[in-house]
Amino acid sequence: MRDTLEALDAGEITVAEAESRLSGYATTAAGRFDADRERRRGIPEAVLADGKTPTETATLATTALETTGRALVTRAEPAVAEAVRDSVAETAPEASVDHDPRTRTIVVHAAAFEPPSLDATVAVVTAGTSDAPVAGEAAVVAREVGASVDFLEDVGVANIDRLLDQVDRIRGADVVVVAAGREGALPTVVAGLVDAPVIALPVSTGYGVGGDGEAALYGAIQSCTVLTTVNVDAGFIAGAQAGLIARAVDGS
Amino acid sequence: MRDTLEALDAGEITVAEAESRLSGYATTAAGRFDADRERRRGIPEAVLADGKTPTETATLATTALETTGRALVTRAEPAVAEAVRDSVAETAPEASVDHDPRTRTIVVHAAAFEPPSLDATVAVVTAGTSDAPVAGEAAVVAREVGASVDFLEDVGVANIDRLLDQVDRIRGADVVVVAAGREGALPTVVAGLVDAPVIALPVSTGYGVGGDGEAALYGAIQSCTVLTTVNVDAGFIAGAQAGLIARAVDGS
Amino acid sequence: MRDTLEALDAGEITVAEAESRLSGYATTAAGRFDADRERRRGIPEAVLADGKTPTETATLATTALETTGRALVTRAEPAVAEAVRDSVAETAPEASVDHDPRTRTIVVHAAAFEPPSLDATVAVVTAGTSDAPVAGEAAVVAREVGASVDFLEDVGVANIDRLLDQVDRIRGADVVVVAAGREGALPTVVAGLVDAPVIALPVSTGYGVGGDGEAALYGAIQSCTVLTTVNVDAGFIAGAQAGLIARAVDGS
Amino acid sequence: MRDTLEALDAGEITVAEAESRLSGYATTAAGRFDADRERRRGIPEAVLADGKTPTETATLATTALETTGRALVTRAEPAVAEAVRDSVAETAPEASVDHDPRTRTIVVHAAAFEPPSLDATVAVVTAGTSDAPVAGEAAVVAREVGASVDFLEDVGVANIDRLLDQVDRIRGADVVVVAAGREGALPTVVAGLVDAPVIALPVSTGYGVGGDGEAALYGAIQSCTVLTTVNVDAGFIAGAQAGLIARAVDGS
Amino acid sequence: MRDTLEALDAGEITVAEAESRLSGYATTAAGRFDADRERRRGIPEAVLADGKTPTETATLATTALETTGRALVTRAEPAVAEAVRDSVAETAPEASVDHDPRTRTIVVHAAAFEPPSLDATVAVVTAGTSDAPVAGEAAVVAREVGASVDFLEDVGVANIDRLLDQVDRIRGADVVVVAAGREGALPTVVAGLVDAPVIALPVSTGYGVGGDGEAALYGAIQSCTVLTTVNVDAGFIAGAQAGLIARAVDGS
Amino acid sequence: MRDTLEALDAGEITVAEAESRLSGYATTAAGRFDADRERRRGIPEAVLADGKTPTETATLATTALETTGRALVTRAEPAVAEAVRDSVAETAPEASVDHDPRTRTIVVHAAAFEPPSLDATVAVVTAGTSDAPVAGEAAVVAREVGASVDFLEDVGVANIDRLLDQVDRIRGADVVVVAAGREGALPTVVAGLVDAPVIALPVSTGYGVGGDGEAALYGAIQSCTVLTTVNVDAGFIAGAQAGLIARAVDGS
Amino acid sequence: MRDTLEALDAGEITVAEAESRLSGYATTAAGRFDADRERRRGIPEAVLADGKTPTETATLATTALETTGRALVTRAEPAVAEAVRDSVAETAPEASVDHDPRTRTIVVHAAAFEPPSLDATVAVVTAGTSDAPVAGEAAVVAREVGASVDFLEDVGVANIDRLLDQVDRIRGADVVVVAAGREGALPTVVAGLVDAPVIALPVSTGYGVGGDGEAALYGAIQSCTVLTTVNVDAGFIAGAQAGLIARAVDGS
Amino acid sequence: MRDTLEALDAGEITVAEAESRLSGYATTAAGRFDADRERRRGIPEAVLADGKTPTETATLATTALETTGRALVTRAEPAVAEAVRDSVAETAPEASVDHDPRTRTIVVHAAAFEPPSLDATVAVVTAGTSDAPVAGEAAVVAREVGASVDFLEDVGVANIDRLLDQVDRIRGADVVVVAAGREGALPTVVAGLVDAPVIALPVSTGYGVGGDGEAALYGAIQSCTVLTTVNVDAGFIAGAQAGLIARAVDGS
């Protein structure tokens, strides 16, 4: 700071330039220069449709579209997609709107938006068909961050051959997201077979005591192998973290 | 009942015989004729040493020995074994006393005791070395019931090859006990590989949230394969149930 | 492996034969030769209707029918039965479709399907009428595996006489499934009365703290008698495990 | 109140007498007249020795002795009994001091203390030997309140005959306390067999998930029969409540 | 038994008489002579309408009416009352049918039914208006058992004066049921003010962590005063247990 | 910021002065000017002795003493007091060291330290003697912040008269801390009697389910009156928050 | 009391006056003189609309209006507002009725009601938009108690700059309520930045394990800074306690 | 496979070569070729000293040393370090043995062992001094995998300035491990400030409800920012996963 002030005092810089430099200083101290951090990280702003009216969600999505060039809506039922389509059609008619009913995601890209593209692959592995929606949400997010995504369905441990048949394919990825409900054994078994970092994504299947994904989460945090986890059904977080790792791999 | 009374009334049977027959009737109603059920099932009477003084345990063990020809003590530290040895040496000097420090079990057989021998095998499978004591307790109990026991150590899912190498051996058993702590994935993986009934035996390893075997128990009751479970560290119950199944197999 | 290769090298066997033998080797290592394991075990492929549309369920059921000669649908409401009937009528008009509204199960058998028949009996015991649907699901599964099923209703411990009256009948079974909600005392009492292996099937009755079957599950894993358990309302698992034990008994 | 004031105004009573009468009024409003309620109820003042030094416990016990003519110490190890004996020997040498190591209770009666005697019986029933200490604490308290106590040991449900043999005896009581750990089935079975009010006393046996009496407590509050419960190991509360019911029976 | 047999052998009694006497013996052993225990205790058979169709409930109620002279239906919505009225009108047109929408109970008495009448009073105390339905269910049951019921509403601890004003009235009862939700402090405060046995009846009010009556139940089992408890919302159990105590008081 | 820069540019202030002013700006943005916030708030720096060696604790305490003129050690056993005394004797021989074994606190004041003195009173109320240590810790902290503390012991709800006798005294305080274990009813009852803000301080007494203060904490967060709470045994937090409120009252 | 009686005895006062004075005494003993405590504290009587019919709520609100000059309804859906408006229009047509759909509160003031006005400010801070309804309820209550309220939205820790920008504003308040769901980090961060007392208001956002505000509540009670907390979604309690502190500040 | 067999049949390859190729096939199918996976990943084999005797630990460590050229022992008390030193001195006297008492880790490197070195940095951030041992364990593991480690102590959120001062330094890392106990707010705040992937490492500090790291874990899985987590105190897992990410970054 003193350098800048002495330069100003010496007439070497203008007040405006000093102000500009010192803003940097002040905000460095405060961490403020990162107003556009989310954009730089490449993680799209997500609007959680659960608990909002379709209109509210559509408004938030179009605001995100205008600000950042894209929007991601999660847990979106068809009526929400309808509202988002209508709203986008009105405010940005040339933007693309992709709704995937299975993963309940909506991806909106402005016409001019250039999606990031990373030289890194995320494998998304599911134990059973009921894990696919949550796993799919993770895949959508990872793709939006720019990663290539390899999606492997239905390789649960009840029939270990199906998993072993796919090991080489999973080993081709830089980071692996493994979605599993019920007892959640799959992330542990996969982490025992691959070298890349593994992220467990517990899914809210199961019933009775330990149901709703609790057993699967406990299985992840107690795993005898090396892996980290997100909360039950946190497809967005798993996909975004996998994307951040993919960016680290790509950026190096 | 009327038949017996009429026979007595007709002088065809004595009072004593009528009493004997009717005792049967009364106790059938009450389930009482099974005073010797435990012996017939072949499950030894177990004395849990935890929470008892060595002397108390030794007294209970020698009583069991006198009544049933044998005794099984579980969770027995060396001082308990000492006390049991002393007590047996005094009351039944020809009986055998086998103390296994690792499983903390003591098996006492009267000299005349003929252990049951079933034509059926129980496989006891462990994920890691820390599961061995509890699994060993299950093995001791299953052997006492008369089953052949095949004990497989350290075939946890973190290195799935070790397990796959042993699949044929596990498939040779009539019933399988699978002991695992931490995330408890092994019982599910084994139940996906064998045809025989599988009993999960969660072990109190693990730490933090879901530790002390809770995650392993949840993993067992949420398993996506077919298996039943016992409580955490319940080696005696797992071994006894496996023994009962072995007896059913043998007896058919 | 070397033997096979030397035989091929010596021209004693053909390439095809060598391939066949080595496939065995490779898949033994991998556990892969068990593609048809489920069929050999006699457990029908089950489709859980909960959380699926009737159409989805019907499609899965007809696929199972085509692949394995039969299908089992669980937790099926009337609309699901309707959809399955329609779908089967179209693809396999001579197959039988049995829907039981109380247990919410649908059993579909191809015309040519020969159900397995085991020389072993499963007793299914219920504490009260509200336990009957879950217990009934277990009975349906055990029957599909080929066991004879003896179903005893409403012998809860609140009126112990009713249970004692049925003890001889329960003792006639090779394996016993005991369904109970609320405090779940019945499995413990039954396991104290019979010699055969007992499987507890906790039911999601009860209310307040420990409700929804939690108390019943805790009662099973803490039982002072020998038994194993499945999760709350896991009728399919209990019935299938009982079936596996029945097969072990029959096969010996 | 007005009556008193008018009497004073009319000179019919003195200020002192008015004050005395109105004190009664004021304290009736406040519930204050019950300073000696505990004594009237017949429940001895209990000193919980856990977490106190032997000296602290002894001081509290002798204070209770002086104030109410007796003292009850619970969870008292031998060193505490020593301290109480010494302290009583000094302050009230003619008082009796009864220490029961199994129930860890100490009962101190002043020489002049006349223990209450009620015409009512409390049955205290235990499932197994490990329930006896807690059940014994309940029995000591009920006796101190004045009830006759009938103590039945080791009639757990694993061997239902032993319980059925004692039904008539239990039916002779006016109120029944049933102590049980592990799965806690016994209170439910007993409440299905007797007419008197039943109080469940869960005991902190058991291990793993639901251990330390949790399963037994859940079993009590979910019971399909009519009973009320106290917390795990709350022998004092169970015995005191049984005593209050005995007093109600006696007093009618 | 021998006496009877000797008497028969000696010709002193007939076979029929011997059979009659010995039936007594057999069933004493089995506890079977208590087929009519529920009636003798005075607790009406209760039909829980929750989870049953109105028709099912009506059928069970009319069966109870025919067998025992009355019926009690709990958790009955208006449609259930309608169904019960119709069913009773058809099968027992002179019976009375009382439906109380607030407590959701239906009481049916046959024309010839003579309700029991005990010389004992149950006070039912509620903390707030939201506790009244559950407390009311307890009151209905206690009245059916024959007790006089004194119902005190809205004397929660947030305004302790209202409670203190009613202390004398509560003290007039032989047994007290105290219903409270939220933090459940009232049962503890009441048990500190009265001599009679107190039964806590936690109510499923409250929200967030510890809500749905959990805090109230914990408050009851941790109470620093003498009381016993039932599960959350268990109005029937609380009222029936209070009734059993009232019967014990009356019968002495 | 621009004003300062223009003043510097205009030569109206020196570089040093500009730097000084802008430091203020930068740190305002960052919140950094609050390096001495803890001192200004009047809350002493606390050293938790649990889990540290006496030497470690003594070192931290003397550092706090040097930096802020005083130190507060919590959960300090006698050996810790010894170590602190020795360490202070060496580094600041004129400082005062007050160790209170009951609350396990040590207060160290430099000779020159002038304790704050607020014109506001904190009442600290305890249910029973076992609550006193934790409540005492709260009192020590509140006093260090400068509040007058009125400590009321043993006014638990089991004997409501003792509490009612003290109501006027409690009403004299500006803020009230109420410590209670077991069922924790006291904070609710007190908050129904006074106008000042009430802080519940649950204490880890109690046993069985809901023990270790859990029931008391649940009772606080579910209270039907207005109060806020701290965690179980968090005497320091309760006392510090009461102190902050006292400061707000004093400062107004 | 004696003074009054002597005055009466001396004929200095009438019986009526003595009665009046002594009522005061009696009720002082009992805490009864506080019939109007709620009004004096300035906390409006709140009617929780959840679980009541609109008509019931409207009736309670108009009763409160008549008794205290105002009413506050919480968790009020539009239909409730309608019913309250109708009911007030009929009984007190000049009263104001303010319904805020976002916070679901209704505030009714009689025409003559003079709202309290305190010289103290409550800051209400929210982490995200989903926290606003619960935070808004707190703000409405604090305003009704008479505090000035400064409402700061959307300053969650995911973007710490937004919070740091507002620190000076928050520091201007006398007491701070911080509403946050999910992981609930905001109250801890705010309490590290301000001198005033902080009240955490956990909000029931979040999902999976620790969801519904549980993690946020745990975060509050485990905070490494000084703060107190209310239960999840307890906006009324947080606002009322903040109001009581504001009154203490104002009143001093 | 057929290609190889045909080549052998055609005499193009030897039996040995065919065997070699097919072993590859068989083990590819089985995943077996990864016997040396752990070494390739660079994660040292870890021996958990907890629950083992010093001798057992030393034996396992020297075995690891011989097999893989190094060993890592975690949770090692001084006596364990002594035993390891002795054992290594005997079997591999030139190996280095580094024991760090604070993190309780022992690192053993064979003389010839060349530690991996990655061009990637792991920042390990701690909230307070009590988090340092667990965080240090993570740092040791990450270093063993080959990452550069930047260790930042004591930047907890209670004093946000200390954290903001270090933001640039943390931003220099490729992956960030954030250790925090109590309420665990730090990982969320850090993940809001940096672009790299963040791994939360909850620490078992805290007390009362949510203590022992439970609140910190819940805070991690409910975080409103993007991060993944490990279980409480799982320093090894956090460090190893950070190492795997560092390897992915380095290897790209």
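All chains are identified by letter, namely A, B, C, D, E, F, G and H, in their written order; residue positions are counted from 1 within each chain.
The rule we apply is simple: a contact is a pair of C-beta atoms (placed from the backbone, for glycine too) under 8 Å apart; a residue touches a chain by one contact, two chains touch by 3 or more.
What you see is a predicted model; the values in this text were computed from it and never measured.
Listed by label, the chains touching chain F and chain H alike are A, G. Common partners of chain C and chain F, by the touch rule above, are A, D, E, H. Rotation angle for the C-alpha superposition of chain A on chain F: 180 degrees, rounded in steps of 5. With centres defined as mean CA coordinates, chain G is found 40 Å away from chain E.
In this assembly, the C-alpha centroid of chain C lies 50 Å from the C-alpha centroid of chain D.
Looking at chain B, residues 27, 29-32, 34, 160, 164, 193, 208-211, 214, 217, 221-223, 231, 234 sit in touch with two or more other chains. Here the touching chains pair up as A-B, A-C, A-F, A-G, A-H, B-C, B-D, B-E, B-H, C-D, C-E, C-H, D-E, D-F, D-G, E-F, E-G, F-G, F-H, G-H.
If you check the complex, the residues on chain A that touch chain G are 27, 30-32, 34-35, 51, 202, 204, 212-214, 217, 231-234. Those residues of chain B whose C-beta lies close enough to touch chain A in the complex are 127-128, 156-160, 164, 182-185, 188-189, 191-193, 206, 208-211, 214-225.
Note for the complex: chain G touches chain F at residues 28-31, 34, 37, 40-41, 43, 119-120, 164-165, 167-168, 174-175, 193, 195-197, 199, 217, 221-223, 226-231, 234, 237-238, 240-241, 244-245, 247-252. Contact residues of chain E toward chain B in the complex are 1-2, 5-6, 8-9, 11, 15, 18-19, 22-23, 25-27, 29-30, 32. Across the complex, chain G is touched by residues 130, 160-161, 164, 207-211 of chain E.
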